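Consider the two complexes below, in which chain A is the common component and chain B and chain C are the respective partners.
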Partner chain A sequence: MMAKYAEVLKVTLQNRLAYVYDQIFRSLGMVIHIFIFIQLWRVTFRNVGGPVGGFTLPQMIWYLVLTETIITSSPRFNGRIDAEVRAGDVAYSLNRPYSYLFFQYASFLAEWLFLLPINFAAGAIVAWPLVGGIDWRPEAVPVALLAMFAGASIQFFEMAAVALLAFWLEDTRGLWLLVERAQWLLGGLLLPVEAFPGVLRRIAEVLPFPHVVGGPARLAVDFSWQAFGRLALYQGVWLLVFAVVASGVFRLGVSRINVNGG
Partner chain B sequence: MPVIEVRDLQKTFRVKEKAPGLSGSVRALFHPEYRSVEAVKGVTLEVEEGEALAFIGPNGAGKSTTIKMLTGILHPTAGDATVLGYNPWRQREQLAFHIGSVFGQKSQLWYHLPPTDTFNLLAKIYELDPDSYRRRRDELVEAFEIGDLLQIPVRKMSLGQRMRCEIAASLLHRPKVIFLDEPTIGLDVIAKQKIRDLIRRANREERTTVFLTSHDAGDIEQLCKRVVIINYGQVIYDDAVHHLKRQHLRTKVISLKLADAWEGLDLPGVRVLKARDYGVKLEVDGAVAATQDVVATLLARYSIVDITIEDPPMEDIISSIFAAQVPEEGPAEPALAATLSGGRQP
Partner chain C sequence: MSTAVNQGRLGTGGQGTPRPRGRGLLNWSRFLLAYVTTNLQVQMEYRVSFISQVVGMFINDGLWLAFWALYFTRFPVVNGWERTDVMLMWAVLTFGFGLSMGPFGNTINLSQLIAQGQLDYYLALPRPVLSHTLVSNLWVSAVGDLLFGPLVFVLFTHPTWPRAGIFLVTSVLSGAILLSYNIIVHSLSFFIGNAEMLSYQLGGALVSFSTYPPGIFRGAAKVFLYTVIPAFFLGAVPVTIIRQFRWDLMGLLIVVAVSSLLLARWVFYKGLARYESGNLMVMRS
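Now for the complex of A and B:
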């Protein structure tokens, strides 16, 4: 059963490799981004005179490299699903023996696997010479990667749940834009959630966003098994919630599907 | 034994309506209004195992909607259907293993990858045993003459080459019924012929039931023995293709570009549809004159720059069916349309 989705992942990855140089060129934008933030954080750390949100300057920069990598490596499947629903193309996958949602999920993961190393490399080539490395704990890398994978999965089902509303709405891209901006602000893209002021921090922590963006990045630069356990629990809950919601929205949508033409 | 049984199948879409202008847009926000569109109004038919059926009609007649219901894509508003004993919309996934579909305007091949990658993916999707998949793939590669194309990215293929790969892909899992929606659309004459040969081969040699929709009269003539015409969501004709041909497909349209000015042609069975100085369109009634004789006369009399010979458009055939059977004083009401069916009354 899983073999078909593994093959979808493989074929999507092969398909994506046709664009590898194009993607490397696009990821260069991240180089500029990280370079600017290094300069800004240098000034901030100089003025504060100590750690910010519990992070040293190199930790903060590597945290930033990772959050940027997480955000930029999440392929925008909301646009694809939204367009397929509105054009009626989703219907053509219904007469094949696979789940539309899992087919898209496998494609999403393939693109994520393709983008992640490229984007990380683009951030690392600036961070490494300018702030140096940090003391990575050996277990931090695989565990953080696992957390990033879980975060990406949450992100996919969250995106799918919103995009599948196209069965009822004219266009869901505006709605996703709101979710995405909330994710950037409350997910800890630029600043760890732990450094947020009290109420905002408490609000952010119960939302799914920091468990997709900041949580996995923090785990990589400031690893503890306790933090991992807490993050895994939140991620498990949110993954279940969004997977159930996306499946429910899809089932409801399909039952009232209207395909163009006829 | 019928592999497709359809009883009074109906589909009504709800279409949102909006009055023109800004006020209409604002009103639609708070009081959306809907109109019901009856796309399929009670289709009844049976298709036997190994049959090649042309299911045709003008744009918007309801044929694609019917196909989408028969493949489980759409839920009908009323009526019932079974395909290979399965209810398509309730047992969609089980049915999917036994049917194939080719939608001429919707590719299933991955655009940037060679077809072999899509074939491998489909083998996994249809849960084919690796050995039988390889044997089947090799068989189709040989039959469809696509050995040279297997490693070429689909984006670099001509439309005809792509369609050969599309149909091969849809036959990989040995479907018992294949639904073909405009499989020759946009192809040149040679590519069309090739595709028709391949579909015919699948139908005759493997007894794959073919359910074809097309606007191309050539597809219908060459591939199918039976034709069902649907218009305004109802079956208006269900009979053998040779009857349709004898009654309604007997004309050919010849379009000419001439080096000399057109001076007319007086031949029995030939009607001038349109004529300009150096261009002319003629209709030849096959019952009165043979197309080849008309062409020979034209070649003898004019210096011809370009010539095309076509079947009349499907819309004209359908109009002629109406014209032949509908009393002049009344429009074709649904009840009346039902009486227009030929041999098999739905």
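Now for the complex of A and C:
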């Protein structure tokens, strides 16, 4: 059952690996962003004279390396799904022995697996010499990777749910842009949610965004099993919600398709 | 080809008949205006797409302002810069970006056009090759920036009429520097082959560096950001001028803007002499 999706993942990954140098060059932007963040937070920590949002300077920088990695490693499949729905290409998948959503999900994961190590390396190459490392707990790395995987999965189904609205809307890219930017801000991409003012922090915490972006990053730099348990619970709930919503939108949308031979 | 290039450099519409400089400038301005108007009309045919791109850029810029608003709520001053200063910097940057990269939207495609030998079309026409190439595409998202900048200036920076005047002038100069820099980095395709990715990254670097308070950079980075990547001239210097007007800084900004435009023009035409046609048969739509 899952073997065909594993094969899709493998083939997509192989295709992407052919352009590994191109991707390394593309990650130059990440190097610049992390360099700028280091300058900004150095000054900020000097002015504050203590921890910010519970982080030391190196923890903050590694947190930002990870949030940037999470965001930049999430391939923008919304454009692809939106285009396939609007062009009617989605109809080709209907009589094939696979689920359209899981086919896209497998391709998405392959791209994510390809991008994640490259983008992390690009950030680490700047962070390591400028702020040094932090005391990573050995169990933090695999557990945080698992949380990132769950976060990426939430992101995919969230993206698919919005992009599949193309069955009804002329263009869903603007709508996704709105969701994506909200995710950047309220997910803790640039500033940990823990450093937000009270009300905004409470609003952010009930949304799915921090469990995709800031949660896994925080787990890696400030690990505790308690935090993992809490994050896993939220991630499980949001993953279920978005998977159900995306499949529901897909089913409703497909019922509107008229296939006229050809 | 060299004939076409020379015609292009005369570039005022006459096929080799020199015209008075003032009239030439007027013709050139009319030409640019007509092109921008037509491009705008074309884009407005796809109204939903146009509006969504403009709104999208509004949201994108708004995210950054929201981040800075959050940041300054927690940390009110960063090396002498406060929330209003960053808002003012974003107002200048986005307005300058919109003014330059909006109408001259083909700038971001320049390296690709050069690498793929697609400048032939512009070489054969009796208009300045550089400006004709740049103006032949409108960057719709930049229209969002064009509207966003003045809105932020009015809403968040305690505007007065004199400050509005200085805001307008410094934004134009900021846009001119941004445009020149992009022409130069995209012209690298003339010299090193396909520089599409490199020019994209260098262009992105300028924008990234220019959106942060200058006080966070020190030493070599600061020198670098006044020279090789002139990020401070895009936002930080205009903000200093708008906060408290200084003729010396305004003069410096004008000199940098004019000289960078001249340098960009020189680099482009120097590169154009090395250009090789792609002999492509393409349909322009």
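The rule is short, and it goes like this: the second predicted complex is superposed on the first by the 257 of 262 C-alpha atoms of A that agree within 3 Å, B and C clash if a C-alpha of one lies under 4 Å from a C-alpha of the other, contacts with A are read in each partner's own complex, and residues count from 1 in each chain.
Rule of thumb we're sticking to: a contact is a pair of C-beta atoms (placed from the backbone, for glycine too) under 8 Å apart; a residue touches a chain by one contact, two chains touch by 3 or more.
Everything numeric in this text was worked out from a predicted model, so none of it was measured.
The larger set of touched chain A residues comes from C, when the choice is between chain B and chain C.
In the superposed model, A:Asn15 makes contact with chain B only, not with chain C. Legend: residue contacts after superposition of the two complexes on their common chain; A:Leu252 is shown touching neither chain B nor chain C.
Once chain A of one complex is fitted onto chain A of the other, the partner contacts of A:Asn95 are limited to chain B, with no touch recorded for chain C.
In the superposed pair of complexes, A:Lys4 makes contact with chain B only, with no contact to chain C. In the overlay built on the shared chain, the residue A:Pro197 is in contact with chain C alone; chain B does not reach it. Chain A residues in contact with chain B (one complex) as well as with chain C (other complex) do not exist.
Per the touch definition, chain B reaches chain A in the complex via residues 11, 13-14, 39-40, 60, 62-65, 68, 71-75, 92-93, 95-97, 99, 101, 103, 106, 108, 110-113, 117-118, 120-121, 124-127, 153.
Contacts from chain C toward chain A in the complex involve residues 48-49, 52-53, 55-56, 59-60, 62-63, 66-67, 70-71, 73-75, 77-79, 197-198, 201, 204-205, 208-209, 212-213, 215-218, 221. Within the complex formed with chain B, the residues of chain A that make contact are 3-4, 6-8, 11, 14-15, 18, 89, 91-92, 94-98, 255, 257-259, 261-262.
Of all the residues in chain A, the ones that touch chain C in their complex are 22, 25-26, 28-29, 32-33, 36, 39-40, 42-44, 47-48, 52, 170-171, 173-174, 177-178, 181, 184-185, 190-191, 195-197, 200.
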